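Following are the structures in question.
Two complexes are shown next, each including chain A; its partner changes from chain B in the first to chain C in the second.
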Partner chain A sequence: MKQRLLWTTLAAAALSLPTFAEEFAVGVQIPLTGAQARAGTGMYEGIQTAAELFNKGNAKHKIKLAVVDDESNPAKAVSAVEKLAAQGVVAFVGGFASNIIGPASDASNKLGLVYMTAGGVDNDLTRRGYKTFFRVNNTRGYEKAVVTLLGELGVKSVSVVYSTKEATADLAKDLEAALGPKGIKVSMHAFDPAITDFKPIINKIKLQDKPEVIFMSAYENDYVGIIRAAKVLKPEVKAVIGVWSLATAKMAKDFPDLMPNVYGTSMLPHPVEFKQAEGRLFAETYKRLFNKEPDYQAQFGYVKGQLLFEAIARSADAGTLKKGGLADELRKTNRDTLIGRVTFDASGDNPNFQQRIGQHQAGGKIVIVSPKNEASGVAVFPGLPW
Partner chain B sequence: MNQRNFLFAVLLLATYVLVPAVFGDNNYVMGLIISALIVAGIAIAWALLGNLGGMVSFGHAAFFGVGSYASALLTMKLGWPVLLAMPMAGLIAVLFSAAMLPALRLSGPYFALAILAYAQIFRILATEMDWLTQGAKGLSRIPTLPVLFGIDLGSRSGSYLVIVTLLAAFIACYAWVRRSHYGTALRAMHDSEQATRVVGVNSVMLKAWMLFLSAFMTGVIGAFNAHTINFLEPDYAFGGGWSVLPIVAAIFGGYRTLSGPVIGALCIYLIDQLLFKSLLPTGHQIMLGVLLAAMILFAPDGLLPLFRRRHA
Partner chain C sequence: MAELILQALYSGLLNGGVYALMAIGLALSFGTMRVINLAHGELVLLAAYMAYVVESRLDLSPLAAIPLAMAVACAGSALVYLLVARIRKNRELNSLMLSFAIGIIITNAVLLIWSGDIHSTGSVSLQEAVQLGSLYSMRSELYGFLASLVLVTLLWQWLAKSWYGRAVRAVSSQRDAAKLMGINPAKTELISFLVAGLLAGCAGVALYSSSVIQPSLGHALTVKAFIITVLAGVGSVPGVLAASVLLGITEALTVTLWSSAVQELAGMLLFLLVLFVLPNGLFGAARRRA
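Showing the complex of A and B:
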């Protein structure tokens, strides 16, 4: 009797022991210093939030992040990938800017490890035929967003001012090809990334093109230069529209005289508000971890991290993780996320991706105005910063 | 074979065999060593121009970028074999360096600034000639180094063998020029260029040859880098880092010596990436800056002369 009691107690004790979750190391190669540091830091914070929420909600598997700063340098990005691979990571998440993601994902492909990103939209990245490369956003998603906005506003003519950098030039040319068949008149104006005086281009637009809208495919400093020049020359347009890094709280705060009524791509309104419970949980966790509001970079970082971690768990459950099954598992992804539905095609691209368009409005707010079914407010049109 | 040559041969053999044997399985460390040796290659070319030609350059990125693009385009557009395109890229860098001949009339900081300006001009040309270079978008999927005699030169160990061979050839060439009567004439020019010309030395021609040799070496290293990283864009290929880091490496190691630039490049790159970066993952460059400042204050001739003095 005593022996039976002893065995019963031991069995009960064994059952009550905590089960140890299997831990998987995921490599994060990201720019935390150098020219891309601001965007890279935002993405990394999103990835950390995804790992925090995954680990909290998953008793069976844990994700451990191993991060290496690529210093915004392609050679150091390759070294980072090789260093993390030597540490035994099961996959990579991160990267920012196509010129860095390209060599880094080449290295991960040679090592046979999955590379998941949201920081490079260059079309060439998905033309390499890699089975290990995945990204949640692409130029097409930005192009769709701008085409949708122009359609909703009923615009008939656009002057496109674009930097000759790869992503900006790709977007401008894709947009030109998409708008022509819709009967929208498009004039193209390329500029070297080194120029700072945009008055000659704006003057040409004012006197020659006379469009309804100026569209900028460029980066932060370029936007400031273009809008400043436009504010001086005051072309008779109805709207000024840009893309990434424009409809942000930081731009509203740093350039309050230049931003009113300007449009830019944005997944989030400011102040941040989420309709779905998942979004609210993300924002809450992010605020708790970093004591600030999340921005769209963090949101992209969160989504790519979340999808990769979930695929790792599924692959581990299926026993395929160590046999190279992670890429196949990621390719099965089909779910709604904070940036919309995500699936991956054979090239690793997300064909569903579509950006949203936000507008800087009164009180430093950023209101999502397009597409209409996602809008958090109404567009001020015509509306200009001057 | 004299004792020095024998030592060089033994050291070279050990370098060929030992490093891949010890680190061959660690792509990360091999990658760092290759990156350091790329900097070392430019540092040798820079030190050669400074020591023998008497010209301080702030624009070796110009030759590096031209060599990178030349080799990438020869292989991608004309289908040249990589190992043939690399020396040709060096010759194309020489051709471009001919545009700098008017700057040879200048000396000191004026020459340095003129070369810097050339580097900027070449960067802008690479950006604007998008029909050839794909402009700011850059070139991706540049062919990697081939398999030769069963050795995959595109692998980390294979690339290491290629870069060590290039550096050994550069050092041998540098040593030969230094020992030759050209070297004597060049050293004499440092003391008094006018006096050297009086005794019949064509100083402009000698300086031009040093510029060409330095451009060739840097161009070949640029080509090697392009086939290792498989990607190029103007801001990267002509980046200021390719001008500044080799100068720092050469001064750190001892730019008046043959092996000082190589030792300097290995020290600053590997200490920074392996030690400082692990201690301070972001902002580790501060520690490197402090180390460099200390070196310049306490050992202005560099690491190798300091080591020799200590053991004299």
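Showing the complex of A and C:
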């Protein structure tokens, strides 16, 4: 009798115990200091938001993030990947800038671990044919966005000013190839990333090219130099267009005199406005965690983290996670996200990706103006910062 | 085409002025102590961040930051000197490593304090376009060039005519002999580092007023300043100005006549060419021939 009572008590105790979720460590190799710190920090915040929401919504699986700052340095990114692998992470998410993501994902591929990113758009990254490499955005998506905008504005000639860094040069050359057949005249001006005086280039554009639009495939510091030079020389153009890290609230706040009417790629308007419930949940969670509004870097970080964590859960359920099944699960991804539909092709690229274009408008607002079906406002065209 | 070339010459001239401001401090400390201060660019950058602080926190023009920038760069330069002066063995090589390490510390301190964001002046007045005939520039570039001319002239006069200036030249020329003549070499070297700090302070404000700053910029500034110092010929003040202007014009003409992608390469080719023809630099060789 006593023995039966003991067994019954033990059984009841076992049933009443909470079910412990299986925890998976995910390595985050990201620049939190150095030249790419701003973008890296935004991405990391997005990844943390994705982990927070995933852990809340999943009783069976939990994600634990293990982060190492790569200091915007390729060599340190490689050692970060190796260090995180030694800690037993099941995959990597993160990275910013193609020249850093390249060696870091080489290292993860050698270790046989999945590397998921949204920070490197260089075409060479997917040409390597790695089965473990995945990214949600690419040069093609930026190119499509710019081509769409130029078509919608009816532009007939463009001067492309581009940095000789990998991603920016790739985008400029792809754009040149895409615009030529559409009858748009393109003049190319490469510049060394170390230069700070853009007046000689802008003067060539002003006196020789005489285009309708100046397009900048560059980074923040270059944008400031180019627009400043253009403000001094005042070429007779109708618009100044850039790509990443330009249509941001930070740029509007830091350079209020340079940004008016300038276009840049952006998934989000400012102030942030989400139409879908998922977007609103992301924004609320992000605001609760970091006490600020999300930007598009955080949005990319969120999406890549979300897709990876979901695939980890599916792979764990299927019992393939420790047998290299995570890459196969990721390849099955086919869903709408905050950056549009995501699927992965054989090279790990997302062929559906297309950026949107935002324009700095009055009152420090960023309005999504292209593509028209996604627009939150109308483009000011012609419109210049001077 | 003529208009393009004229604008390139003008832009190169103005850029050369700012380059001279950045390089002259390094040339001075190199000339006096035979020590290459590899933290010089970081000191210029630190001064530039002082201009950013004064503008963003106090809502004043970056030009109002000149005294603070000079004080901070002077303090930094004096610290470099005091540490380098403690090196007893193999000073040339060990001072390189020491000043390089100081540069890394300054870069990371800047990063910690002001983050990795880019900064530049928001002053409308400094960014305003100034037109001289068909030539354009920002007002800040013109100010930077004029400041450079004035400071280089003052430094030249100081070195030629003041007691301390002559002491610096004496220590630079023959340290032991200078000591026998009653000059305190340590004090003189410290003074040259302090003057280098003052100039770095001005260079930092000029840089912030006309360009974009970020924490990783310091090393590139040191490299450019070093190239100019060697190009000029060690110890030559007018040589620094001439080399800076030559470099600025070469870069601008390269962009105009060829491509901006090879601008830095053109600067390095000029450097190699001058050293090949005149191994002591532009003015070093002239003096030796004389």
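Heads up, the rule we're going with is that the second predicted complex is superposed on the first by the 370 of 386 C-alpha atoms of A that agree within 3 Å, B and C clash if a C-alpha of one lies under 4 Å from a C-alpha of the other, contacts with A are read in each partner's own complex, and residues count from 1 in each chain.
Following the convention adopted for this analysis, a residue touches a chain if its C-beta (ideal position, glycine included) is under 8 Å from a C-beta of that chain, and two chains touch if they have at least 3 such contacts.
Predicted, not measured: the structure shown is a model, and the values here were computed from it.
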| item | value |
| --- | --- |
| Contacts of A:K199 with chain B and chain C, given as first, second, both or neither | second |
| First, second, both or neither for A:G102, with chain B first and chain C second | first |
| Which of chain B and chain C A:D124 touches, first, second, both or neither | first |
| Partner chain in contact with A:V224 - chain B first, chain C second, else both or neither | second |
| Partner chain(s) touched by A:V78 [first = chain B, second = chain C, both, neither] | first |
| First (chain B), second (chain C), both or neither touched by A:D174 | neither |
| Chain B versus chain C as contact partner of A:A86, first or second or both or neither | first |
| Which of chain B and chain C A:E52 touches, first, second, both or neither | neither |
| Contacts of A:T164 with chain B and chain C, given as first, second, both or neither | both |
| Set of chain A residues, in rising order, touched by both chain B and chain C | 33, 164, 192, 194 |
| Touching residues on chain B, where the partner in the complex is chain A | 26-28, 31-32, 35, 124, 127-128, 130, 135-138, 140-141, 225, 229-231, 233, 235-236, 241, 273, 277, 281-283, 285 |
| Residues of chain A defined as touching chain B within the complex | 32-33, 67-69, 73-76, 78-79, 82-83, 85-86, 99, 102-103, 106, 111, 122, 124, 128, 163-166, 169-170, 192-194 |
| Residues of chain C defined as touching chain A within the complex | 3-4, 7-8, 11, 15, 108, 111-112, 115-120, 122, 124, 127, 129, 136-138, 211-212, 214-216, 220, 251-252, 255-256, 259-265 |
| Chain C-facing residues of chain A, complex | 33-38, 72, 164, 189-192, 194-197, 199-201, 203-204, 207-208, 220-221, 224-225, 228, 231-234, 250, 254-257 |
